[in-house]
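Pasting a structure below so you can have a look.
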């Protein structure tokens, strides 16, 4: 079983040795073991990013739906604490999730500036569009920085009726209550926000 | 009804009003039939039937048993079915549910009341030993109209069956021998199912059509063009005219289908 | 249960050293594999191993019902092994037997260490195995086919497992026991392992063996499993080379070369209405950088003794 050197475009199978950690960073469709060896975890085609020295496997099989880095997701705010919020993700890109995934939104990654506390921007029950920054062990770290991202549907915290956009605030036409949110450009539209040209790229290492 | 189903229904009914079906078939056009017999060597008979992409495997086991008291000279043919989760993401494990039981019962009745099987020929010794013919259906893929697919599988598995000869010992017990003879069956009953969507009846519904249909009607047409069983399903009524017309349409198609069945 | 006789009633090895089915002692039965044969499943595979005919379907990760079974930190793997009523000589009762429950459990434990269950908290991954015809070593063949179905479903794995049951017949060690050898031979050792990692994930033994004999049997099974693993790889590569060819990625010659590498597996001559399952084409966004590591360091061969779910 001589291991031939893996090249760009090779077909690989789960468990196949791709290289060692000294050569590459393990990317999508791979895993790294205790022995510092990188293996394929799925059936697919090898891609080597020489710039980043990253090796990954692009699936030729179906790909199970789960939140991956850079995916745009639709979710509901489940719980809000002072500095963070837990989000139930139920749509990833255009695909409804087979299970509700958990997302985590930290205050730093909400509006791109200083925010006093989380509940100034989000409330439980809000529908939000967010981007996945990172995914580890089933918990997706989300970001709502950028005009495209944020709340697209919210209800009045007093009477529960839907809130309507009134300038930059949300108004409850039932009880006259005004509320504040981190709004997405497409507030009120239940479809996924249209991609925006000037969308800021995700900064590394936030 | 959820939104997706509502959209699908609209799409399907709009086409039906123009005389079209979503997969381009005619109203009386059944999907292609494929039959693979004799796949399971440990079964006395077996057959895999495909109707389009719907796929059912039938296996026949033969045992020697005692006849029912009211029919001492007749053998027994029993059909059961399992909707295994391998056939569809919506099927669950566990004892057979309504749907599986209905499937087995409809197929069973189609065969039971058919004149194609001479039940007295399955008698070994009157009142004591008869052949018990057990047909088990395993659905491998559900793409709609499992009743007709399962019925095809059951019929063609029976046509493939070799019955072991039995010797009655001096003590009166039945001893199964190596030697076999082919299961006797004349032109078998074939089942045709119609889906009713609004006021339209379409033959051999696909999964998409089934998901939006109001009801269905299954008709088993025997070898002599008589009707050997029927089953109406769904909480929507059928008119007299619809029933009579369906039987007529089914009978026509069954004549064509017979030519596609494997000969024995 | 008590089918192991030390006294030989019927010779299992003839004067020429050949077994009842004409095999040599270190020879596998013929094996044929198919991938993606069940059109409604997320992943599926079919195996003929000797007279075993087994299909496996994989669903998931998907919503877990009933919900209270859901684990907050990882997916629940459920494996169900069932035998068709007509898969054995005497008709099996339709209700699941104790044997089927036990095999479902050991198969789950054989597959579990290969999966990254932590990637999908609260979800279920379901593996349904249906034995259509049974021969000796059906649990081993089930592991082989289940691994292929999981790969077909695109579920990330540490590697593919495969199974082989070797044992002792007429005082000799023999690879890949068939039905009769299993019934009247002296010992039977079903083994499932991930050959690339050298990990044994299923091990059972039934009969009577010396330590030396056991060592030899395990070596023999490992050898057999390596050969089966090569066939698994070949059938997966062939299938996906086919798919790439269809979408015009691989030059035809290369696809043919890949197809030709497929050892010992006959072409499926019977042209069936093939499952035209829609596959997500491997066309992703141009530069999708992804650093998601499917679980970091997790080299633990879990040996859980949970009770079986379902």
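As written, the chain order gives the labels A, B and C, with residue 1 at the start of each chain.
We adopt the following convention: contacts are C-beta pairs under 8 Å (C-beta built on N, C-alpha and C of every residue); 3 or more make two chains touch, one makes a residue touch a chain.
Everything numeric in this text was worked out from a predicted model, so none of it was measured.
Think of each touching pair as a link: the shortest run of links from chain A to chain C has 1 of them.
Of all chain pairs, the one linked by the largest number of contacting C-beta pairs is A-C. Inter-chain centre distance (chain A to chain C, centres taken as mean C-alpha positions): 35 Å. Mean C-alpha position of chain A lies 49 Å from that of chain B.
We define each chain's centre as the mean of its Cα atoms; on that basis chain B and chain C are separated by 32 Å. Of all residues in chain C, those touching 2 or more other chains are 42, 62, listed in ascending order. Multi-chain contact residues of chain A (touching two or more other chains) are absent.
Chain contacts: chain B has no residue touching two or more partner chains. By the touch criterion stated above, chain B contacts chain C in their complex at residues 32, 34, 36, 39-43, 46, 50, 52-53, 55, 57, 59-61, 63, 80, 82, 84-89, 92-93, 95, 134, 136, 138, 140-143. Chain C meets chain B in the complex at residues 38-42, 44, 51, 53, 55-57, 59, 62, 65, 80, 82, 84-89, 91, 94-95, 126, 128, 130, 132-134, 270, 272-273, 275-276, 310. Residues of chain A that touch chain C in their complex: 11, 13-17, 25-34, 39, 41-45, 49, 52, 54, 56, 58-66, 68-70, 98-102, 134-139. By the touch criterion stated above, chain C contacts chain A in their complex at residues 42-43, 60-64, 73-74, 114, 116, 118-124, 151-160, 194, 196-197, 233, 236-237, 240-241, 243-244, 258, 279-280, 282, 284-285, 288-297, 299.
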